């Protein structure tokens, strides 16, 4: 018969269980901290800016009078810039992801491209700003146009979209491919009929999240000169433009205290847009994941 | 059974040679798209290099790399020693990491090991909103809320200081640390946890002794990525840290980071071709090199973490 | 259960070898698989059953590290000949997998998938094909009123029959099945087994199973694989009553596996 | 194979029910599990075998949606009583899983894990425990020269015995095993089966298996589960030779599952 | 790039009437960039202009005087705003580029020197003291170094960035072009300067009058002793009559002659600016010029058509 060497001491076990409880509380508080900061930030901005938030704020151009100031041009600029950014980054990003996941042989070049993309994802936006300024604004003489801004943004979010699209494609179960191959489908048919439909929710989620980054992006657009007073709606991709975060930055730099509140009102709009985009992404993610 | 479908299929097959053309061209098209990312990188490196080269025809490389004074704007006697900007950048990054590492990792452990599926589904997106708040908004928050708050504890704290934006940058990157680390922790197979639970381990013991060691390289890579984000952050620092390139690591001083310098110059619009104009490319180049290093390190770790199981 | 026709061959495998990188997964396999009969492949986990069956429609080539040597003749011509395309082979040789793998599309679109990728767009023809295939897979009555619902809403057994119907839709000659019932409950299993008996009138069926009783119930011939080799290949009745090889006996009587 | 001692009970389950959300996975289970014997749980996939065995050390509670009703007595006291902690129960009731799940640590650290979390740091004691447990799991000779190597370097069968050794290290009274050999090759399976026979001298063993021959070979008593219910529970010999229930007979003779 | 847009066909004779009625049947675009000091005036003008001429797209950038000049020289803009007179080098470059231009003064600004509102020792500063404080070469570090009896605390300096006209002007008239103190915080964002001073007891800053006017409750203005020996505080009166010197300065716009003559939109915008500048300047916190000067400017503009 065995003799017990390991004596389990109830006290010791109780202590371990107590540590576990303490850990749980600490971990939860840490998690809560982030949410408390977020709440503080939101409450502050809302109380500051709510007074200026009305229909006129959305439909007026910027103004020297805080009560007349609005974000029409900034919203329009944001929409136009996104109009360039979305197709460019989505087409390039998804194409790249398809190549890497479906076609690329496992060789050095592929690994290099992948490493390169993940590096690009970490390059600070000011560096993209420098690139945009040098290449688009100056070299290709696009000036401080929507086109230059949109392309700069596209490059900025391209790596994020690639990564998201790759993940989405990779999460398609092998069985789906097998099913299609076993029917005699060719590679491109499989991409069209199996991969793209199945990866679309994931790609959309990633795209929305990266676009929300682009919508809030300030530094790189400041660098290509998007800080301006504009009281018209852009009519071509060569128009000058301003975007919401830059308009906010602009107001925040005004001498009049009232403009700080206008800036806060702008921040509310921006945050609402971003939270809506995030929620949309979450809805898509929750709705379409775990289907297999 | 009459094999109508089979015959139809055979017919179609012969009629379609375009199919094989698509089959052959698509990979090439997609390859070009993938190769485009290399073109972008080359574009970045090329523009940075060319202008940096001009910069070093005007300023000695040795002075740049060893100098401890950064006074580019003083027309009579400018000095271009990069260290104040580097130290400013790392002061911010260090403060940010001191905030983000404990809070982010704790959140990751909570989300991955303690939270119910439902809570995780609610909390994670909320935390992710933190990463989505535009940096302009954070900048104002740092300057008009966090700094005054800190001043009530440290009365001598100047309005522009490294501490406040450092903390806010840290808050901004919490979700990055939390999400990526949580994903790394999730990748630890449930079987590992079951093994430990079956031996009578508590959740805390499972988290600290099984899950964290098991996902260490993923965690490190998330931290390195967060660090590189902190180094690259611009608007928060530009708004709230002041713009005095001070050498040293004093968090209560006003400082300037590499990124903040670049925006400062490009907003003031230094005359094209001036030394100052070229200097932003030299600083940009250095920034690029730093983040490149970070990413290579992060990549190394995340690769290791994939291979564990 | 044997008859004259059984002597016609659908596949003839000769000295076939396959490696995954350095793993020698199939070793000198030689097998003659009869036309319009059910051939069962049994053997313990990892013996190469799936690998073998996936070789028959060249699906195994999707694994990048695969190297092969030897011949496999399908209806008298070598499947590795460059003349005929893989796609054509796979159209003639349908496959059903262990885990039901319908596409996340409607029931109708699942069945129409094969005809469509082969260029058939005519709605009337497609409707016909869908009905015929679902009837062939004994699923028509259960789903005829909800053809436009997502296939994921079906039960596991229904999904598996849907996958069989999907394979039937392009009118193959052979149907390969890799443990088609191992994820199913007893009732669904019985249905699929009945279906296989039915299908063998029109198709040659090759089925991998880990359930020896199942092999005994439904197959005409059985091959016993062990460590990548064919230990024994014979009429099922013979194998189960009086195997030639000691290892076959041990396996069938549950000594290992 | 029965003897006097077998009448002592280690577990006594009464009218136990378990739900995963709305899925009623265990229905009115009542079972008396004898001390120091091998009790086998058999039944088709999804019948609740794993759920039941995981309930015995309350591992099932790690699934958030679980709801339970009924009593399980372990050594005369209800395991759901708030008096005794789950941690204590799990220390006394070891568990071995279907897929070997060693920690990504050295062989030594794997075994020492349990004693360490219970506060044993003394190197001499740990050395002893490691040696004794590895010997108990019939693994000592194979690994004694490489205790500091990573456990992932062991073969599947060795890993499984390592997991058994790991469970032995905290000197449990009961060892629960959930299909411990289903991922193993025949040779490793035989070794583990021998080991189980050896262990039952000192431990009460409850083993889930889908291999009916295995149950017949190693167990003293067998419970047949079907759709969350216990259809039959009896001495193994009796069950295999002369089951009371038609369904048991069908299952054992391979009609389904 | 900017200026050249299709002629709408409206002839010189009609333009007068159009402006008055504000029917704005003119279309095209006007590119303006430059001083952040001048920006609020131009923004105000631009706002009104866009109501009168909804089809004209006027873009007013904020690149600082130096940056604006650079774009003007590059031919990217029609109008450059400046908070200092054009430099000789800039004029030369414009000549090289073949760009003819006209300078219009549009308002005055009093550069305001401010300290923290809690600062109760600084009553006024002389030009010499100001120079001593700001010069890099001087030893002045603390208030006590400036004047006997002031606290022995280090002075924190906040200055507009070196690309700004404000900096150029201050550097020239106070520091005589010498090196500004290296410890100073430089920012292109004047609000940063306001906040810096408001947030530091020992802060000292200078910036455009408008920023002081809007922040009177958070910072305190410092009277500056002028050449007559009186300590003067900037306000409409003292700036316009010139007694706040040398820190009052003129604000300008520079306009491309060919844009004015060829492009109705630019012409109308410039005209509008000259007509409205005085009113708008006062509204946003600057000082209007004598009406006569605006009249002269308008005549000068007509002569360019």
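In this document, chain identifiers A, B, C, D and E correspond to the written order of the chains, with residue numbering beginning at 1 in each.
The working rule: a residue touches a chain if its C-beta (ideal position, glycine included) is under 8 Å from a C-beta of that chain, and two chains touch if they have at least 3 such contacts.
Going by UniProt, the chains are A = Phosphate transport system permease protein PstA; B = Phosphate transport system permease protein; C, D = Phosphate transport system ATP-binding protein.
Computed from a predicted model, the values in this text were never measured in an experiment.
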{"item": "Touching both subunit B and subunit D (chains)", "value": "A, C"}
{"item": "Result of counting contacting C-beta pairs for A-C and A-D, higher pair", "value": "A-C"}
{"item": "Whole-Å gap between the CA centroids of subunit A and subunit E", "value": "38"}
{"item": "Distance from the mean Cα position of subunit D to that of subunit C, given in whole angstrom", "value": "36"}
{"item": "Centroid spacing, where centroids are CA-atom means, of subunit D and subunit E in whole angstrom", "value": "84"}
{"item": "Length of the line joining the C-alpha centres of subunit A and subunit B, rounded to whole Å", "value": "13"}
{"item": "Numbers and ranges of subunit C residues touching at least 2 other chains", "value": "88, 91, 118, 170"}
{"item": "Interface hub residues of subunit E, defined as touching at least two other chains", "value": "63, 192"}
{"item": "Subunit B, residues touching no fewer than two other chains", "value": "202, 205, 239, 267, 269"}
{"item": "Pairwise chain contacts under the document criterion", "value": "A-B, A-C, A-D, A-E, B-C, B-D, B-E, C-D"}
{"item": "Complex contacts: residues of subunit B adjacent to subunit C", "value": "1, 3-6, 8-9, 12-13, 15-16"}
{"item": "Of subunit D, residues touching subunit B in the complex", "value": "57, 59, 62, 64, 86-91, 94-95, 97, 99, 101-105, 113-114, 117-118, 163, 166-167, 170"}
{"item": "Parts of subunit B lying in touch with subunit A, wherever the complex brings them together", "value": "19, 22-23, 26-27, 29-31, 33-38, 40-41, 43-44, 47-48, 51, 102-103, 106-107, 109-111, 113-115, 121, 123, 125-130, 132-138, 140-141, 144-145, 171, 174-175, 178, 202-205, 207, 225, 228-229, 231-235, 238-239, 259, 262-263, 266-267, 269, 280-281, 284, 287-288, 291-292, 294-296, 298-299"}
{"item": "Residues of subunit B that touch subunit D when the two form their complex", "value": "116-117, 189, 191-202, 205, 209-210, 213-214, 308-309"}
{"item": "Interface residues, subunit C side, partner subunit B - complex", "value": "88, 91, 115, 118-120, 125, 129, 169-171, 202"}
